Structure formats: structure tokens, C-alpha cells
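Please find the structures below.
Each of the next two complexes has chain A plus one more chain, namely chain B in the first and chain C in the second.
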Partner chain A sequence: MNDLMISAGKDTLGVSCDYSTGLIEMEGISYPEDAAEFFNPVFEWIDSYIEHVKGPIEMNLRISYLNTSSTKCLFDVIDRIEEYYKQNNSVQVNWYHEEDDEDIREIGLEFKDDMDLPFEVISY
Partner chain B sequence: MKKFDLLEFRKQIVDHNIILCFEGKMSQGVLVSLVDTLKEKLKDSDKDPKQRMTRKVFSIFVEMAQNIQFHSGESVMIDDRETGVGIILIREDKDNYVLTSGNKVAADNSDQLSDYCNELNSLDPDQLKKMYKDRLRSKRPENSKGAGIGLIEISRKSGAKLDYSVQRIDDDAQFFSLTITLPKVD
Partner chain C sequence: MTEEEIDKIMKKIFKREFANLDKFKSFIENNQIEDIDLDGNFAELLDAYSILLQEAVKITKISDINQKKLFGANEELEKQKKLLYLASIVDPLLGIYNRTYVIQVLANEFAKCKRYNQVFSCILIDIDDFKQANDNYGHQVGDQILIRVANVIKKELREVDSFGRYGGEEFIIVLPSTSAYQSSHVAEKLRQKIEKTDYSDLGQGVRITISQGISDTSLGHPDTEDALLHHVDTALYQAKHTGKNRSVIYDPNPGDQAFKFKT
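Moving on, here comes the complex of A and B:
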């Protein structure tokens, strides 16, 4: 299994997924034309990790803007991780937001509200 | 080409406080460059030290532009991607930012779009939030690159009713326009 590295673009997140530690990090802004297409490799990586490595997952998100279709995709990603958590696996999601960024904080809180997994909303 | 009066055109732009306007194919490359321009225009807003207003204008602008990109009744193929055509503009005076977008809608779809806007306008903030969350949980609409949440998000972010209109172009098409006014008070 391989790591996944995607460099941040002007309208897409930077992504890194490390299979040896189960650490998934995403940062930046996201409003691509086709969010589902962008997030596809992330879903594939997570599915493969869950199938082959079966280790813990820690996800750190430092996002400054998400359009609605990216919000939907990220929700689905975290939903996948929630399912893994419910199968008795160790997971942790950390949602970082800039102190003054109410919008990103709000998305994080709504996700946390809707999900049943360890999920921290952290201001920086 | 028809004679063009630049001075008159400029006067219209200045009189209406138009700070940004685009009409045409809303490709992703165009959207990215519009976003860059918009960021530059909003940068010096000293009334908004925490960038709250800037973020709101920015996110509503992107949702409006992507509604054109994904859903306009007039589209062209660019690099194998179907790209919607429309117009988007922002006006700014001392009290408000006013965002307006417009695009063609097939006559057959325009009632459905009006009904949807009316439905959103009838919901209170808690009901909008519930609808937003339901859409996040549900499957993406078929044949759509969007999540079907854009207008809900615009309603929620603006905290106002969707001010829309539908005008007849011809038997086959209507022109849908949407205006969102964002007061500058915090």
C-alpha cells in the first residue's frame, strides 16, 4: 500500500495520507469543479487502509474554505471513518479552525454534532 | 460591430457601484481568477477586521458562480466538461454588498426552480439547517457535480429570503436571476 500525497491547488486541498501511521491530513481551500472526482483517491486510500492495514486513523483538518459540494464529500469521508470507528477501531478527527473563522468552526461543529466518533473542534 | 459608447458603459458601472462583473462561460479557470480578483477587492475592507463579511461574500459568490457552472440552461463543452453560461456581479456601497447572478433556465424547469426557492423562503433557520444536514447525509443528486446544497447555503449564510425573478426569454427559455443583499454591519 502507498502513501497518498496531493499538493494544494488554488481551488483544491493539500492532502497527505501516511499508511505507516494512519495519519490523514488535509489543508487549504476547496471549491473544485468536480469535488467527487477530487475526493475519489482519498476514499480509495481510506478503503484500502481499512482493508489491508486495519490500523488506527488520525485525521487532522486545517481548512479555510469549503464550498458545499466539497463539504458533502468531506462529510462522506468522515462518515466512512465513523463506520470504521463503530467496528471497534481507534480513530480521532481533529478539526482545526482559525480563531476568527466562524464559518469553518460552524461546519466542524455541525459535523461533530452529526457524527458518533471522537471529533475535536480546535481553534488556533 | 455595433458602435460602443465606452463612457456611457463606464458611467453605468460607476453609477451602480459594480465592483466585479462577469458574463459568459463559467469555466473553473474563470471562477478561480474571479475569486482572486474578489479577494483583492475585499482585502482592504477596514470595517471587517475579522474577515467575517469577506468570508460571507466569498462563499455566497462561489455558490452562485457554481450554480451557473453546474445548472445553467445554457452550456458549452470546455475540455470535455459541460460548462454553464451566465452572468454574475457584485455591487458595493457604504452599507451593503449586493450579489446578483443570472442564467438561462429551460422553460420546463423554471417552475420547479421557483417552487424550490419559495420552499426555501418558507423555512426558518432551524428548518434550513435540518434540510442542509439531510442533504449532507443523502446521496448526491444524479448527474450533478454539485451536492444540491448551494441555494440552502446561500439562504443560511445571508440570513435573508432568496430575492429571485424569472423572466421569459422565448418559448423554450426563461432567465433566472437571484440577488442577495449583505448588510455590512457585524
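Moving on, here comes the complex of A and C:
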């Protein structure tokens, strides 16, 4: 299994997924033309990690803007991790927001509220 | 992107939901309702629908927050654009228009007056012996003198007049729908106010006067705004060389004596 690295674009997130540690990081803004295509490698990587590595997952999200399609895709990403957590695996999701960015904090809380897994909203 | 392409992307994003829909649709289409486990399938459908509804609510809420954030950012951008525009037309020390902007106003006014055959006037002001004051009292006092003079002038002008810094210690006023003769009364009032203003807090013996050149679009019939500027400059030159602390209207026939004001 390989790591996944996607550099941030002007309208897409920077993504890194490390299979040796199970660390998934996403950072930046997300309003790609085709959100499904952008998130597809992330879905594939997570599915493969869950199937083959079966290790812990820590996901750190530092997102400052998400369009509606990306929001739906991110729900699907977290859904997969939630499902994995429900199978007694170690999982942690951290949503980071700038201290004075109330909107992004609120979005983090909306995600947290919907999920049944360890989810922290952290200011920096 | 075409609507078809967007629909295709949406089908990919909502793959799971469309798959559920297709599955249950096929039960009905193939008349399988009687053969399937109704309780189990109904529970599954209800579950999928609950998840979808819950997600739809969340996504709507998050979209609203994002829209608010975007509009907030847009408002901030507009504010910054206005500030930037203001910074590009205002003299940072005096808070009055800069030369570029007043020259633009002058050009616009000139074009308007030419088209409608109207008159407007212009006053060019220079602080007398400013360099000397700067040398004697220092640049900081020099700046304070400029600020004070600008404030005195600002107070005396109409809303429609445009007032700006023309150069170092030179100011310019564009007075729409006003002849040079009418403007000379304004200029004279300014001259007297500046002369009578108290500058003693800036340094012992600080005394400030101004010289002014006045002209309008009928005197000497300037055919461009540059020609008008040349006329007021000529009148200002005359004010300086006939003793300073005075206002002079441009004389298109230099053989005759220029019209002067002096207390």
C-alpha cells in the first residue's frame, strides 16, 4: 500500500495519507469542479487502509472553506471512518480552526454533532 | 460545465443514495414486493432515508455558514477596495485630494463645460516663503503649517468645490459654475483667514500668508485643461512677483494691469 499525497490547488485541498501511521491530513479550501473525482482517491485510500492495514486512524482537518459538494464528500469520508470505529478500531478526528474564525468552528461542530466517533474541534 | 456534466458529478457524489433508490425502485418495477422481506427492507429504506435527511439538513446548515463566510469576506474585500481607492486619491498628510485626483476633476469639469458651454474657475495657491519657514522651524513645523492652511481652506469651500494638494506647498481648488471674478472673492476670504490664523504655538514669529492665481474657462479661452492650468500659474507668478500675500486674476492681455486684490 502507498501513501497518498495531493498538493493543494487554488480550489482544492492539500491531502496527505500516511499508511505507516494511519495519519490523514487535509488542509486548505475546497471547491473543485468535480468534487467526486477529487475525493475518489481519498475514498480508495481509506478503503484500502481499512481492508489491508487495519491500523489506527487519525485525521487532522484544517479547512477554511468547503463548497456544498465537498461537504457531502467529507461527510462520506468521515462516515467510512465512523463505520471503522464502530468495528472497535482506534480512530480520532481533529477539526482545527483559527481562533477568531467562528464560522469554521461552527462547521466543525456541525460535523462533530452528526458523528458517533471521537471528534475534537480545536482552535489554533 | 454543461448541465449534463454537473448531473453526472452529482450522481457520483450521491452514488450510495442513487443505488438505494434504484434497488427499491426495481422491487416495484419487477413486481417483487410480494416476494421480499417487507419488514427488513422497509427498515433498511427508513434507515437510508434517515441518514440522507440528516445529512441533507447538516449540509444545508454548513452551506449556509459557508455562504455567510463568503459574503463576509466579500464585504471585507469591498471595504478594502474602498480604502485602497481612497488612499490612491487622498494626500496622506493633509487628508485632502492629491494632485492626480484634482487634475482628473479639472479635466472632467473642462470636458463638461466645453460641451455645455459653461464656465468654471480654478484657484492655484502657494504658501509664501514656505521653504524659509521649513528651514527656520524644521520640517515637522512645516507639516503642521500645511495641515493648518489646508484645514482653513477646507472650511471655507462649498461641497461642490474640489480641493487638493498640487505640489509641496501648493494647493488647487476647482470651483464649478463659478467665474474667476466670483472666485476672487473666495480667494480673498481665504487669503485673509490664512493671514489672521494664529500659528504662534508652532514657533515664535511664525506668520503665514498665501499668494493665489485665479482664472476661468472664459478668460483667454483656454482650449485644454493644461492651458487653464498655465493661466492660473501665470497669475500666481504675478501675485508672487508683485509682493506676495495677494490674489491675482489671470490677465489675457498682459499689456493692461492685472486685476489684483490686497488688503
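By definition in this document, the second predicted complex is superposed on the first by the 124 of 124 C-alpha atoms of A that agree within 3 Å, B and C clash if a C-alpha of one lies under 4 Å from a C-alpha of the other, contacts with A are read in each partner's own complex, and residues count from 1 in each chain.
To be clear about the criterion, contacts are C-beta pairs under 8 Å (C-beta built on N, C-alpha and C of every residue); 3 or more make two chains touch, one makes a residue touch a chain.
What you see is a predicted model; the values in this text were computed from it and never measured.
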Chain A as common anchor, with chain B and chain C clashing or fitting: clash
Chain B versus chain C as contact partner of A:D100, first or second or both or neither: first
Touching partner for A:K72 - first (chain B), second (chain C), both, neither: both
First, second, both or neither for A:D11, with chain B first and chain C second: first
Set intersection of chain A contacts, chain C complex versus chain B complex: 33-36, 65, 67-69, 71-73, 75, 103, 110, 114
Footprint of chain A on chain B - complex, ascending: 28, 31-32, 35-36, 50-52, 55-56, 58-59, 62-63, 66, 69, 81, 129, 133, 135-137, 140, 145-147, 149-150, 152-153, 157
Chain A to chain C touching residues, read off their complex: 33-37, 40, 65-69, 71-73, 75-76, 103-104, 106-107, 110-111, 113-114
Residues on chain C engaged by chain A in the complex (per definition of touch): 1, 9-10, 12-16, 54-55, 58-59, 61-63, 65-66, 68-70, 72
Residue numbers on chain A that touch chain B, as the complex places them: 10-11, 31-36, 65, 67-69, 71-73, 75, 100-103, 110, 114
